[in-house]
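In the two complexes that follow, subunit A is the common piece, with subunit B as its partner first and subunit C second.
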Partner chain A sequence: MICTSDIMTKSIQLRTKLGEDANSPIDIFALAQDIEQLTIVYYPMGENLSGICLKGAAGNNVISINSSMTVGRQRFSLAHELYHLYFDKNMTAVCAQKIGVGQETEKEADLFASYFLMPAAALQTKVEMLKAKNDSNDLSIYDVIRLEQYFQVSHQAAVIRLRQDKLLNADAADAMISKGVRRLAESIGYSTELYKPLPVEKQYMTYGNYIDQAEQVLKRGLVSDGKYEELLLTAFRSDLVYGDNEEGEEIID
Partner chain B sequence: MTEPLFFDNDCLSAFLWVGYENLLVKLYPGRIMIPGHVYLELSSPGVDHLRKRVDLLLSSGDAVQKSIETATKEYIIYRKLTSAPDAGHKIIGKGEAAAISLAKCNDGILASNNLKDIADYVKCYGLKHLTTGDILKEALERSFISEAEGNLIWSKMLAKRRKLGFLSFSDFLAAN
Partner chain C sequence: MTRERVSDMSKFKMIAERMKEFRKNSGLSQANIACFLGVDQSLISKAENGERSLSVEMLEKLAALYGVSMLAFEEDTLPINPLKFALRAGELTTADMEAVSAINRIALNSEFMADLLAGEQR
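Presenting the complex of A and B:
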């Protein structure tokens, strides 16, 4: 039996531990990069796998995110894997599938991701504001888009959570969950980046501990320049080996 | 010289990045050898365009890919350099180790810019060795390029973080 209040508490605990307040929308990609000894790998993994968490020896952990999924979904997947990393004590390696699918721990991780990205109090406040603005007790599809854009989550994650918190009724949620919203989001002035994967050439990337470790072994004279470059290329960091493709000086602003 | 040239990533990619791999073909017809490990490094998703250029060299027969089989002399050297080098030596990259071991066992020439890390192995294995600078100098001597063109190529290679040892081709020529 999943204890929602326990999951909610854990989501706030982790926000606090990582230096975030309890309510604001977060840049989870930037946040995760600051976690010590964590390597984050972005890799296109097809349709059935959204993320992987590996707890390695000596605290060297890896989270891999399916970069062929939408940016909104990737943010949710990263939050999901953070649950496994911090709270799933019996786990050494786990692969996440679709939202709401899998064993109890997977469902806990989904719930955690939802609360981590959309804190209950903040979501409630935003919903009340939208209802007051519209002078209506119901949320429209445009309101749901405004919420998912504010919290930067996928449309599916937003609808599931609103239904679970009884902020959307079942019929409205069912009608909205499979609705394509990219055009609607554009029509009210939002960027559609949230609903798209990154371009294929940007779907391979590694950040965090691995890159730092490669730099350390080079600095300590343990490996050659060639080995260092091989380590970076293996981690899809050709930008660090050959520089960015953009020409010109770095802009300092 | 008719020996095969075994390229490491740094040297080969320098020419690929600036679109001058045809210079290698003109200078060393039938002698360009690309170790399998170098090919793999150039197959990283971010540099897929370099791998495609290598594929053109391979499909046209202007270059040959050479792999290292297990339980061969090449493999023994390769394993030592990449996994258990002698005391005082760094672990070197798979691509450069493959180029060294293949050059050693096939009486070839090592094409590599990484003098700092592999100089001991060049000496120890008695290898002939060419750098990107040496190759451009040969191209100049055979009138395939001018010094001005060499300087332009050089600056473009430096922009792609290739380690050429000198700020310009002219500086290299003055010192060599």
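Presenting the complex of A and C:
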């Protein structure tokens, strides 16, 4: 049995541990970047997988996110993998794309991701505000878009959560869940980045601990230049080996 | 039979056994592995029975898939934490297995670098 209140508590615990308050929307990628000994790998995994979490013996951990999914979904996947990193006793997890299915731990991690990105009290407050503003008891599709944009989660993740918290009834949720919302979001003034994957050239990338480790082993003379380059190329960082291919000089402002 | 030959034989047997154990622990089928390596399933079956050997390149690919070093095929003890897939073997595609291998390679390198850095501090 999954204990929702336990998962909620864990989501707040981790927010606190990582220096976030209990209610605000978070920049989860920036947050993960600051976790010590964590390497984050963006990799286009296709249609089956959403993410992978590998815990190393000496505490060098790797989380990989399927970068061919939308940015909103990637944020959810990262929160899901953080559950595996901090609360799952298994050392490895290879996670499937469907939300809310699979083994118990997978369901727990999905629930955790939802609470981590959309804290219960904050969501409740936001919903009350929208209802008061519209003078209506029901949330419209535009309200759901406002919520997913505020918390920066995918449309699916927002609808599943709203239904689960009984803030949307089953019929309304069913009607909304498979609806394409990119154009609707645009029509009320939002950027559509949340609903798109990263550009193809940014889908393979490694950040964090690994890059730092590679610099350290080179600087201390523990590996040759060739080995250093091989290490970076395995981690898709040809930009660091062959130089930046972005145009223009750095702007310091 | 010379002594060296005996040791080669036992190494050969060991690799065959390890291949089978790694595969079973991770919940994959022989068909999954055959597909991943781009070979016939009968070759995997024979390799696991010690009747045929796989190329070093293939063993390297398998090591990356399971997230172990090449040496793990010759060691007496199995790694403590076998990789578990959240998908059923039948649903797993070659692309999925390639993704897992790519990330495992990065994780193994990270461990390798951590070992180097820890060794220097001692």
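Side notes on the structure shown:
Convention: the second predicted complex is superposed on the first by the 244 of 253 C-alpha atoms of A that agree within 3 Å, B and C clash if a C-alpha of one lies under 4 Å from a C-alpha of the other, contacts with A are read in each partner's own complex, and residues count from 1 in each chain.
Everything that follows uses one rule, which is that a contact is a pair of C-beta atoms (placed from the backbone, for glycine too) under 8 Å apart; a residue touches a chain by one contact, two chains touch by 3 or more.
Values in this document were obtained by computation on a predicted structure and should not be read as measured data.
Once the complexes are laid over each other on subunit A, subunit B and subunit C both fit without any clash. After overlaying the two complexes on the shared chain, residue contacts for A:L222 are found with subunit B and with subunit C alike. In the superposed pair of complexes, A:E201 makes contact with subunit B only, with no contact to subunit C.
More residues of subunit A are touched by C (comparison of subunit B with subunit C). Of the two partner chains placed around the shared chain by superposition, neither subunit B nor subunit C is touched by A:Q149. Of the two partner chains, subunit C is the only one that A:N60 touches; subunit B does not reach it. Residue contacts after overlaying the shared chain place A:G243 against subunit B, while subunit C stays out of touching range. Contact with subunit C, but none with subunit B, is seen for A:Q103 once the two complexes are overlaid on the shared chain.
By the touch criterion defined above, A:L233 reaches subunit B but does not reach subunit C. Across the overlaid complexes, the C-alpha centre of subunit A sees subunit B and subunit C at an angle of 50°, to the nearest 10. Once the two complexes are laid over each other on the shared chain, residue contacts for A:N48 go to subunit C alone; subunit B is not touched. By the touch criterion defined above, A:A214 lies against subunit C but remains apart from subunit B after alignment on the C-alpha atoms of chain A. The least CA distance from subunit B to subunit C in the superposed model is 8 Å. Subunit A residues 222-223, 234 lie at the interface with subunit B in one structure and with subunit C in the other.
Partner subunit A is touched in their complex by these residues of subunit C: 67, 80-87, 91-93, 95-96, 99-100, 102-107, 109-111, 113-118, 120. Those residues of subunit A that touch subunit C in the shared complex are 39, 41, 43, 45-46, 48-49, 52, 54-58, 60, 62, 64, 66, 90-96, 102-103, 106, 206, 209-210, 213-214, 216-217, 220, 222-223, 231, 234-235.
Subunit B meets subunit A in the complex at residues 8-10, 13, 17, 41, 44-48, 90-96, 114, 116-118, 159-161, 163.
Taken in their complex, subunit A has these residues touching subunit B: 201, 203-204, 221-230, 233-234, 236-239, 241-243, 247.
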